[in-house]
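Some notes on the structure that comes next.
Letters A, B, C, D and E name the chains as they come in the text, with residue numbers starting at 1 for each one.
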Amino acid sequence: MKRESNLKKVLSAGHFAVTAECGPPKGADEGPIKKKGGMLKGYVDSVNVTDNQTGVVRLSSLAACVILKEEGIDPVLQMVTRDRNRIALQSDILGASALGIRNILCLSGDHQSFGNQKGAKGVFDIDSIQLIHTVKTMRDEGKIIGGEALTAPPQLFIGAAENPFADPFSYRVLRLGKKIRAGAEFIQTQCIYDIPRFKEWIGMVRDEGMDQKVYILGGITPLKSAKMAEYMNGHVAGITIPEGIIDRMKKVPPKDQREEGIKIAIETIEALKEMKGIHGVHIMAIEWEEIVPQIVEKANLYPRPSL
Amino acid sequence: MPKKYHIHTSSVQNRLPKIIKSGVIAWEEGCLKCARCVKKECVYKVYEKRGLDGESMVDSTDTMCMDCFRCVQNCPNRLIQKGINPLYRDMGDEYWTPDIISNIWFQAETGRIPVSGAGYGGPFSGPGFDSMWTDMSEIVRPTRDGIHGREYISTTVDIGRKPMYLEFGDDGSLLTPIPPLVEIPLPVIFDLLPFSPPGDNIPQSLIAGARSINTYVIMKWSYLKEKGISPLQNIIPFLDGNTDDIEEGVIKSIPIIEIPDRGEPVSVQNRLNEINPQLVVMIRVELAPGIEEKACDLTKKGAHTLHLCADEFGNEQAEKPLFIKDRVRSVHGTLVEKGIRDQVTLLASGGIAMAEHMAKLIICGADCVAVDIPLLVAMECRICRRCKEGLSCPAKLETVEPQWGGKRITNLMGGWHNQLLEVLGAMGMREVRRLRGEMGRAMFFEDLEREVFSNLGQRGQG
Amino acid sequence: METKEERQGLNFYFFFCQRIDKEQEKNRRTIEKSMGDKVRLFPIPCSGRIEPIHILRALEKGADKVYVLTCREGLCRYREGNLRAKKRVSYAQKLMEEIGLEKERVELINLKKENGMTIDTLVEDLVGKKTNIGSSPLNKPLL
Amino acid sequence: MITAERKPFEEIKEMVKPYSKLLVVGCGTCVAECAAGGEKEVALLASALRMEARMENRVVEIDEMTLDRQCVYEFIDQLTETVDNYDAILSLGCGAGVQAVSDVFPDMTVLPALNTTFLGETKAPGVWMENCRGCGDCKLHIFGAICPVARCAKGLFNGPCGGSKDKRCEVHPDTPCAWHMIIERLEKKGRLEQLNNIYPPVDWSTGQGKGPRKIEREDQMI
Amino acid sequence: MVCSEDSFVFPKVERARSRFKNALGKFKIIIDKRCNNCGLCIELCPFGVFKKGAKRPKPQNDHLCIGFVCRKNPYHCVDRCPKGAISLFVNPSFEILGDRRWTGDLLVSTWHMAETGSIPHQGLNYKTGDSRGGFDKLRFVFPEKLPEGTYNGEIDTAIELNRSNDGRPNVRIPIPLYLGGMSFGSVSITTMLSRVKAAAALGTFCCTGEGGYPEELIPYDDHVITQVATGLFGVREETIKRVRIVEFKYAQGAKPGLGGHLLGDKVTPRVARMREAVVGSALFSPFPFHSVYSVEDHKKHVDWIKEINPRALVSVKVSTPTDVDMVAVGSYYAGAHIVHLDGSYGGTGAAPDIAKKNIAMPIEYAIPKVHKFLIEEGIRDRITIIASGGIRTAYDMAKAIALGADGVCLGTADLVALECIRCHHCESGRGCARGIATTDPELSNLVELKWGTQRIINLYIAWREQLIDILRRLGMKSVTELVGRYDTLVHLDYVKKEEVRGEMED
């Protein structure tokens, strides 16, 4: 059974891609995934499944991807290096490919101390860039770490995450280059609220010609409330929300804040569409997946191309 | 070869941690515990032996540091400093200075004379005994050879009345009655203590010390009687009560006794001598202005020995008291003038703290001295005089073992003996008897100052 | 709350910087006369010389309450001796709590006034102060 | 230097309860510097244990001793003469010290009073910081002498992770981000390109995971 | 003759910092963690107190700090530190330093002079101690205005040691001081060599003390005084022949009338060889000379030396008994060139405390007694008086000369230059903890020869500067003019400040 990644097809065809994120349940229950898949189907090009995000134990990403695939959705398997050593990681990569999963997003993962298993031993046998390179070597050269040959290589469209807002700012682009060189083909960025800073970053990316080498999907997280904005700004690693956005949310009465959040998201998408070097958006509506279709529609990204 | 008088000394451990001049203040915070830590390099191993005495809460760094400052100067983080040890600073008083106390401690512990390097560090001169210097001679008959021969220098003195001349009968028989005389090998006897914690251990220690060096200790008869102390070997009973309190048997058994200066002391003396003609009687006289007259009077009346007492600080009883050395000098001078000095023995006491005080007082005219407080200090007394106020003794003197105390006193006297020999040796003298009243062999501050400094600033002097 | 008499039944240990009272040797006597062995006074070259072990030893030896008296902050001859004393006292308190002794059994008094106070009045004031602590469990007879 | 912290008193108390004659043994080397197991800490712990026992109506005999080093036989040997007088030894050495003492006296009960924590540097008085994991394959020359293994929460070799904020680690906001420091330092030296290479997966076999490591030097043996 | 008098050039001062990490001074500086290492303090301080540090500057030379008076200066670091991180306070350990004779101030200022060769600037009293008598109560009175026609040229500090016109060589030393005897065995060879080398560099002399003439000294023969003392340890014909001055030691101020005693522990193989004795057995120098019971015997000794070494001058070192004046006259008639009076408050080696304090008179009394008596005898011009025993400062030296000495002899001051702290425990434990008066090799390695030499040179160069200043203010052109000038001195007990005409030195 040979199937290509839908996301790859959309991107390589030059379309402005739309992906969304989906968190698996904290239980052995396929229902919620199917439900979320159902909501997103048709509105996005692929759905990205988190791997025990923030170190909280959830249904495995690989299993959830298989369920989504059965629902006819092109899943993106997130894989973090926090929980498994290189043996388990490589084995899961092979398994995912065999199960027909065609996209992988390589991450190091949130530190275990943020989750509900604080006493867990962080594995971090290899890091995210090493993982990207491992997947690429397995796929393109048919070799695992150490050079042993595979009987059949995995087929995967390789993604990586990037935070344009993190410190040290000047190094971010260099690190992106490293990820590209390691084998990343698409990049999901951290949620974008600070458009000027993002522009600055993409400008640097363009200067390095990196936008020619990799597909970049801008991260979008619609804000539900001013409170959420404040919390994210203060407590979520790697996220900064400019004062202006927080103020804008605060000025709106609480019952209308969701609406305002959606508005901001759409405005952001509009801005991204105009930016050279941006190839799509990745919508991370945390536990608010039902809103994704509305955003996609309002941003005039519906319907999705069918290739 | 004459028999040597030798005080056998040996090191006698302190019971309590020593109290020294300064303590160490070493912060631990920031200490690097470096491999070549200045604390490990300490020549005196102060830090290696560090400990806290749970009883007195005295840190051993305050008992062993010798002030070399190497740790202060080499600690890379400058964490070590020095501070005055309050226990040291607060010892004694203006007269009985901490320096004197620790000097006595040293002698009592080791039996050696205090020796130090790097010259003298004290004041140019001072009141009291510090305003005179003893003499020496560049060229003298050898008084000693090495360290042993000097013990042939005699430190023996006699207590008692001496006849001015002897009369012989035609048949060559001695007509002059020979008055009683007691010989002591060191010109020191132990006096009544001005203060002391209660109990019998301290008196027992004094007795042990006196016996060991073959001198005498003066003790109140009332005490001796109450405790039934017997025999009275090396003890001089002081008749603090009535003369009748003492039994004839006792009077007959002892060589020497002291009586207070009350009423007609010489007649008391005579009464006692009726019972025991061989008994030396000392009359305890308080020093005061005009005492010269009394001394002459008593001597003329036939007193054997006058014990001239000053207070704890060497002062006589007066509004503007004269210091002991000056009053004794004057008493001696008056007796010499009257031509009766040699008839009587002068014993002086009060404020004698160091060996040099003994020598200087003898130069000023005493035949012999009596010590008191240094004997307590030998047993680790700090001269806080808390016992006087009924407070507990910080040195727990009441618990000393008499045997230990006796040895400490012996050590101290051994040190004094040796120092007396040093002084006599420097002058080329072979007998302490000859030092008595030798004021020409002393230099007095007032004389020298006047002679040398009073005419500075004037032209044409040189 | 116990009476003054009961308070005076307690054993007090005082460690104090010698700079507080230059006449400590003289002044302490008044209080020692009235309290006898119930109060024990230990002058130290600088309050920064106090170590947690001093405090523990004092408690082991039978102190019901240990006071550490330091000069006013900013007046330490060694500049930070009293600050260090403060930290050491609180470290000792931590240890005491671990053992199960009330940390109130040791108290640091940082004198507010200039130096030159008399130790007897200081001690008297502190002994007279109301406390909740009774006799130290370490002083109870072994069962 | 090896750092350690004293175990909670409660734990020590329970540990030593069965023994009535105890020798508390400190170590004058690493754990003395980090104020966990030197002479002073030995005295404090011994005093505390005595008092605690007294409060529970027990009488224990506790002696104190501090060795120059507790992980070397020659120093441990100082205990040989007296060790039989005790029911147990409470060691204030690091894990290595505790085991070394126990190896020398296999019949003696040796109890650990410290939690050995890490290899580190004395940052300031009272502050010790881990900066080495003893991985057995030092790569500090690549990373501007800042170890990503020990000092990055995720041990990234191709960092930074993107979670740091104000140069601080996302995991411990009071800890500087090691990767931030690496980049800054190399940038200052104009050697940032050193990081361009993708650092391949590390060979951890030089580190833990293969049982106790051992160094043998023929030339040093007698 | 090594020092050709007229062309003598004084050695250069070279900085010789304390050999310890933390030099001791009156003040202490701490930089706390507020410091941002801006380095302003390093730039500001003209005394070089601060040194660059990785985290923050190090106040490593806070012994050079001038203390609180600096507040008025524009470069006051404490006030100008932008972070307020610098604190200045009195060195708390300072109160433990020193004693009544050598106060903390005197020790620290002597160290300062030995380090820098210049007069201390830290507000230290470098002139007098706290003994409340003698030199410490004597003050110079300077004319308020120098008389007209005052000499304006180079002031001469040299003195002649042979004034007898007996045909023996003239020995001129460019400063009126030489260094007294400290025997090999009582001090380390490094200490001994430092002193001898410094003496050579300064064109003056250093005495061997009684303990032999180590061969390391041979290159400096022309600057060595060899000592003949009662034990005759290490005295040989060849050592007498080597030198320009031979000293007979009858007594020493610190232990007048007492013999010497070298503890068995200090009699190492080298010491034993030098003294022709047995290793480990205590050595006694008797008192007195067992061959001298009269002035005639004494003369025989002097003649004996003169016979063996026809070019040598003879010095007679005596202590200060009541009849010190007679002793001096006797020495002159016995043929001595120099009478060396050693007062009771000096001394470097170990001595019984009773002797140091009580036996014989302080040098302040002895000098004028001898000076006057020799004048009365009409022989003052034919003998040189050297005074020692408690001379601690350049001012003491000048006062001794004004009281009647020609020059002075020093010991303790040199040791203090080598950072002796006067703990007085020369004999305790392994010997001098600071490595000066010890034969323990580990301890004596604490002193380096080059450093030691320079420190002593620096100290006496600074003294000479002070002496020149005193002479200039008195309107004198040579130190020889100061001898016996009682009119330049007053004693605080006998003078009312308001009656003083001229300027009394503080």
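Keep in mind that, in the parts below, a contact is a pair of C-beta atoms (placed from the backbone, for glycine too) under 8 Å apart; a residue touches a chain by one contact, two chains touch by 3 or more.
The shown structure was predicted, so the numbers you read here are calculated from the model rather than taken from an experiment.
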Fewest touching-chain hops separating subunit B from subunit C: 1
Chain separated most widely from subunit D, comparing mean CA positions: B
Geometric centre: closest chain by C-alpha means: C
Farthest chain relative to subunit E (centres taken as mean CA coordinates): A
Highest C-beta pair count, chain pair: B-E
Averaged-CA centre spacing for the pair subunit B and subunit A, given as whole angstrom: 98
Distance from subunit C to subunit A - Cα centre to Cα centre, in angstrom: 65
Approximate Å spacing (C-alpha centroids) for the pair subunit C, subunit E: 50
Length of the line joining the C-alpha centres of subunit D and subunit E, rounded to whole Å: 55
Sequence positions of subunit B contacting 2 or more other chains: 22, 25, 28-29, 52, 81, 83-84
Multi-chain contact sites of subunit C, meaning residues that touch two or more partners: 46, 51, 53, 57, 60, 77-78
Multi-partner residues of subunit E (at least 2 other chains): 92
Pairs of chains found to touch, sorted by chain label: A-D, B-C, B-D, B-E, C-D, C-E
Subunit D-touching residues of subunit B, taken from the complex the two chains share: 28-33, 50, 52
Subunit C contact footprint on subunit E (complex, rising order): 30, 87, 89-90, 92
Touching residues (chain side subunit E, partner subunit B) in the complex: 18, 20-24, 92-93, 95-97, 99-102, 130-134, 136-138, 141, 250-251, 254, 256-259, 261, 284, 286-290, 292-295, 297-298, 318-319, 321-322, 327, 344-362, 364-365, 368-369, 371-372, 375, 390, 404, 412, 415, 420-430, 432-434, 437, 443, 484-487, 489-491, 493-495, 500
For the subunit D and subunit C complex, residues of the former touching the latter: 8-10, 40, 43-44, 47-48, 50-52, 54-55, 57, 59
For the subunit A and subunit D complex, residues of the former touching the latter: 82, 86, 108-111, 113-114, 122, 124-130, 133-134, 145, 161-163, 166-168, 171-172, 174-175, 177-178, 181-182, 190, 237-238
